[in-house]
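In what follows, chain A forms one complex with chain B and a second complex with chain C.
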Partner chain A sequence: MPEAPGAMPSGAARRPEPLTLRAAARVQRQVIGALLLRELSTRFGRENLGFLWLFLEPALLGGTIGLVHHLSGRGLPGGVDVLSFWVLGYIPFFLFRSVVNRAPVAIVSNQSLLYHRRITILDIMLARDLLEGAAVLGAMAVFVLAIGLATGTWPEQPAKLVLGMALMLVLAHGIGLLISAGSVYTEMFERITHMVTYLSLPILGSFFMVFWLPTEVQKMVLWMPTVHCFEIVRDGQFGSAVPTSYDVSYVLTCAALLNLFGLAALRKARRDMVV
Partner chain B sequence: MTIWTRRSPLTNPPERAGIDPVGWSGPVPRPSALGRLRRWARRRAFPLAVLLPTLLAAVWLFGFAAPQFESEARFIIRTRQAPATGMGLEAALQGAGFSRTSEDALGVRDYLESHDAVAALRARMPLIDIYRRPEADVIARLWWSDPSAERLRDYFRRMVTAQYDQTSGITALKVRSFRPEDSQALAAELLALSEQLVNRLNLRLMEDGLRVAREEVARAEARLAAVQGAITGFREREHSLDPGRSAAVALENIGKLEGALAGARAELAEAGRFSRADTPRILQLRNRVEGLAQQVAEERARISSSGAASSQQLGEFERLGTERELARTQLASATASLERARVDAQRQQIFLLRIVEPHRAEWARYPKATETVLYIFLCLAVGYGLAWLLIAGMREHAA
Partner chain C sequence: MIRLHALGKAYRVHGRMRAVLSGIEATFRPGEAVGILGRNGAGKTTLLRLIAGVEHPTSGWVERGMTVSWPLGFAGAMHYSITGADNARFIARIYGKPVAETVEFVDAFAELGEYYRMPARTYSHGMLTRLGFALSMAVDFDCYLVDEAVAAGDSRFATRCRDALEERRGRSAILFVSHVPDLLRQFCTSGAVLQDGRLTRYDDLDQAIAAYQPA
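Entry: the complex of A and B
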């Protein structure tokens, strides 16, 4: 826009130009990047192992669970490798659980940041969830490498491991948005989220494979979008050694709906929020 | 003390607004056509991004899309073996569903969706003509008049599905095409192809199972024939049917002769006590004794002269006899195992049992216009909502 020539009466009166969409997107990227770094420091600090905990947390939990089942010596139906089955079942679940469980406190613990004009709740949520996703994906990569080196079975399609985790992240992100929006209105979410995530562990699909079940139960179970994510991850790891059934478009639809409602709820919640 | 306040443009008196460079941007050139189009599109984003595509899809699906008729057939793949019953949950989990899954049925399902089936179908029916009927609409029909095998298979997989139900073991074959009779013919042909596949598999299984047993029988037969030949050769060479028997007969002869000789001697001794030595009766008896003694001596001489040869012959003959017995036993057991293998193979045989014959559709189920339009609308609306929310969130950073 051409500037009108002439003296400005005073600098204070000048309204900043509205940025174009592309510039706004760049600002948002920068904000999210900065928030990521901040989240890293606040969550893990610079003491003892520091950022290493980011990977160690899921790795230790997944590894222990896998090891316990490995040592128990009970084989799994379909001849699936015990250790990799449990580890690959647990790590995506860890992602889901930590994203969803952190959602109720996401706004409260970062409320002070919202005084900055350019930081929105969505930025905070995105930064947290991206960090979580990157950490868990890193832990998974370490495990896949370790399993590959130890047993010589490498993932059949590594892209599907990433796809499954990404879909899981998007799903969990949508649920997290809804929960954090709800937490603005009531504390109930903070109280029951942990319980619900633990209780839903058996039906999320992390510890069973769809083909173990009779067809009728399979149809019921496949309504859960998370089940598809686990199946995609297993398909990526074991390939055609075990039959898997999933529908990427279904997960995408679920994730899109959850995110749509989550974003809308967040918009509504922001107006009602008392900062 | 001065209090600095930020001047808001709205607080300007209206008469100054025209001159104030803050509130007035000066003359703005009329935006280019492209720019105007973009502004126009931005103002009508929802109708353009959601309603228009939905409307186009609806017009196409309700107005122009050719009806597609579906023909469905159901079959079951069974073996003669009785299915395992009484599975508990534990057993079901341990069995991992594999026990429920008949790999034969899965094999048939895979075959139905394979290029093999497409090629076989193409050889028997004008597959490409069927999917390029004049009434077919331009989107749904096969786009190429001479498609490569891969393209044809991809298209075929869209139009033909085979689903296997693990619980019931039933495979449902669904065929879509632009004419009901085409669908029915295709489904019938596919069923026939599946039956042929099952028969081929059976034949192969049977052949494999029986081949070893048959070879065993053939070997036993050859051995028996060889032994029989050796025995015949022996007999021809030695001019003797059975050396054991002939030796026994000779010994029996000697025994009889010696018995008669002893009798004759006893008679002679008895007669000699009461008669003179020259009575005719004594002479007759003496002659008889002499004759018999001579005959005994001859017989003994004959046996002892051929003694060595005969015991050798006997040994060889007995060896051949044992060999023959062994060969007979082997043949008997090989025949029995062939019989068993045949029964086994028959029990393992798989059958394709038709449950539902392909029917002729009377009503075009596809394309499911209402459902598809609704689905398109919902998907686009959700996508639009997401994009709007995300972009609005982005714009907040521009403030």
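Entry: the complex of A and C
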């Protein structure tokens, strides 16, 4: 058969090795475990301020905005504590941004790992994002504790804080998969991702509550899956003190679709990439 | 055993697809030490990368009935920011090997001395090659993909590589690529020539060398 340059690999769907699901799961556990340990030491090692920044940024940004509002004497609708509102609004965004912003270089900066056939791009992304999620969740716990001690208000439903963050992580992970797959073909993502995440800050849902908005606008912003995540977190923290609107199944559907397309894109990109 | 089924690879060069390998059919069995000859640019490295699974073929597929090493002799498989010992720990975890034993084994095999506890980015090229080779020996693959760069340089280490590969000959297969026939005589029993994107096997290494015209 003459070669057909650029044609789809004829036998690519075939798995060359007889690998049971159980054995494959074991390998994946091993690999992700090893990647987690490596990531832990390179990102949060003694030599850099990774860990410190995790606390500093939400504290500085959320704290500053909260302080401005506090000094201006303007409270928030529903009588919610200003400082805890801004800090808790910033943390899920912080998670979203760090997962998405690191996606364009996720493959390039880990290219040497792909010499090991056992390590897939998905493993690399999973390890990074799981660690990021755990770290930011840890930071959130510290802030919630601090808020509780300072103001005496504790989360009404702590599980919803975790749920909101978990959904945000899965959404960001799916977007990250798509971006990292795209980065194999073009450098565009490396250039624009940071800008886009910053510019989208106002519409992601970090700094407004859905019930502040007119009904028409509410319907529009609820198309953004991230808006729901922030609302879930607020429901967990403030509970009945403020009305929140969200739909968990909508976020799950969005997250599932993003991840599905992300996996498909990554599969194609892996075949086309030059290591 | 390893089988290559109509294996082909094309790269995009200046917007056009250029075939490097096409329609390669070959079988490599345990215990074989095959020397693959090819000129610079013939696609030797590409072939090793496809067999290792570092890159994926454009057409055809690789059937792996045994565990296959990463391509040795390139610095690719290592982390430069961490120490040699940390690299050994990482590899041990990835491949499910006991960590302490692996660290010890690599220390003894690579003979890096104090450098073993220093970041790999401080290593010379020869030291990186030694670390990479030692790491792959620690994992204990069924098939080793070796680039001639392993044999180049420090001749004492080249001898040790040869001994280590020799010792595994019974159970492991070795694919060794080079553009220098003399190097293959030290390592291999049978041969193959890679030319114009196609691979021709010869049962006898000397036949392969005779068929190969280095440029």
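As a working rule, the second predicted complex is superposed on the first by the 227 of 275 C-alpha atoms of A that agree within 3 Å, B and C clash if a C-alpha of one lies under 4 Å from a C-alpha of the other, contacts with A are read in each partner's own complex, and residues count from 1 in each chain.
To be clear about the criterion, a residue touches a chain if its C-beta (ideal position, glycine included) is under 8 Å from a C-beta of that chain, and two chains touch if they have at least 3 such contacts.
Please read these numbers as outputs of a predicted model, since none were measured by experiment.
J.: Of the two partner chains, chain B (first) and chain C (second), which one does A:Arg271 touch, if any: first, second, both, or neither?
T.: A:Arg271 contacts chain C only, not chain B.
J.: Counting only touches as set out at the top, which of chain B and chain C does A:Trp212 meet: first, second, both, neither?
T.: Only chain B; A:Trp212 stays clear of chain C.
J.: Applying the touch criterion given at the start, work out whether A:Thr120 contacts chain B, chain C, both or neither, answering first, second, both or neither.
T.: A:Thr120 sits against chain B, while chain C stays out of touch.
J.: After lining up the shared chain so the two structures overlap, which partner does A:Ser72 touch, if you call chain B first and chain C second: first, second, both or neither?
T.: Touch partners of A:Ser72: none, neither chain B nor chain C.
J.: Which partner chains sit in contact with A:Ser240 here, chain B, chain C, both or neither? Use first/second/both/neither.
T.: A:Ser240 sits against neither chain B nor chain C.
J.: Give one of first, second, both or neither to describe whether A:Ala256 is in contact with chain B, with chain C, with both, or with none.
T.: A:Ala256: touches chain B, not chain C.
J.: Counting residues of chain A touched by each partner, does chain B or chain C come out ahead?
T.: Greater contact footprint in residues on chain A: B.
J.: Counting only touches as set out at the top, which of chain B and chain C does A:Val31 meet: first, second, both, neither?
T.: both
J.: State whether A:Ala23 touches chain B only (first), chain C only (second), both chains, or neither.
T.: In the superposition, A:Ala23 touches chain B alone.
J.: Which chain A residues are contacted by chain C in one complex and by chain B in the other?
T.: 1, 4-6, 9-10, 12, 14, 27, 31, 117-118
J.: Where on chain A is chain B touching in the complex?
T.: Answer in residue numbers: 1-2, 4-6, 8-10, 12-15, 18-21, 23-25, 27-28, 31, 76-79, 117-118, 120, 122, 211-216, 218, 253, 256-257, 259-260, 263-264, 267.
J.: Please give the residue numbers of chain B that touch chain A in the complex, ascending.
T.: 4, 6-7, 9, 20-22, 24-26, 28, 92-98, 100, 165-168, 379, 382-383, 385-386, 389-399
J.: Going by the contact rule at the top, pick out the chain A residues touching chain C in the complex.
T.: Residues of chain A touching chain C: 1, 3-7, 9-12, 14, 16-17, 26-27, 30-31, 33-34, 37-38, 41-42, 112, 114-119, 270-275.
J.: Provide the residue numbers of chain C that touch chain A in the complex, in ascending order.
T.: 5-6, 8, 10-11, 17-19, 22-23, 49, 52-65, 68, 70-71, 74, 76-79, 81-82, 86, 90, 93-96
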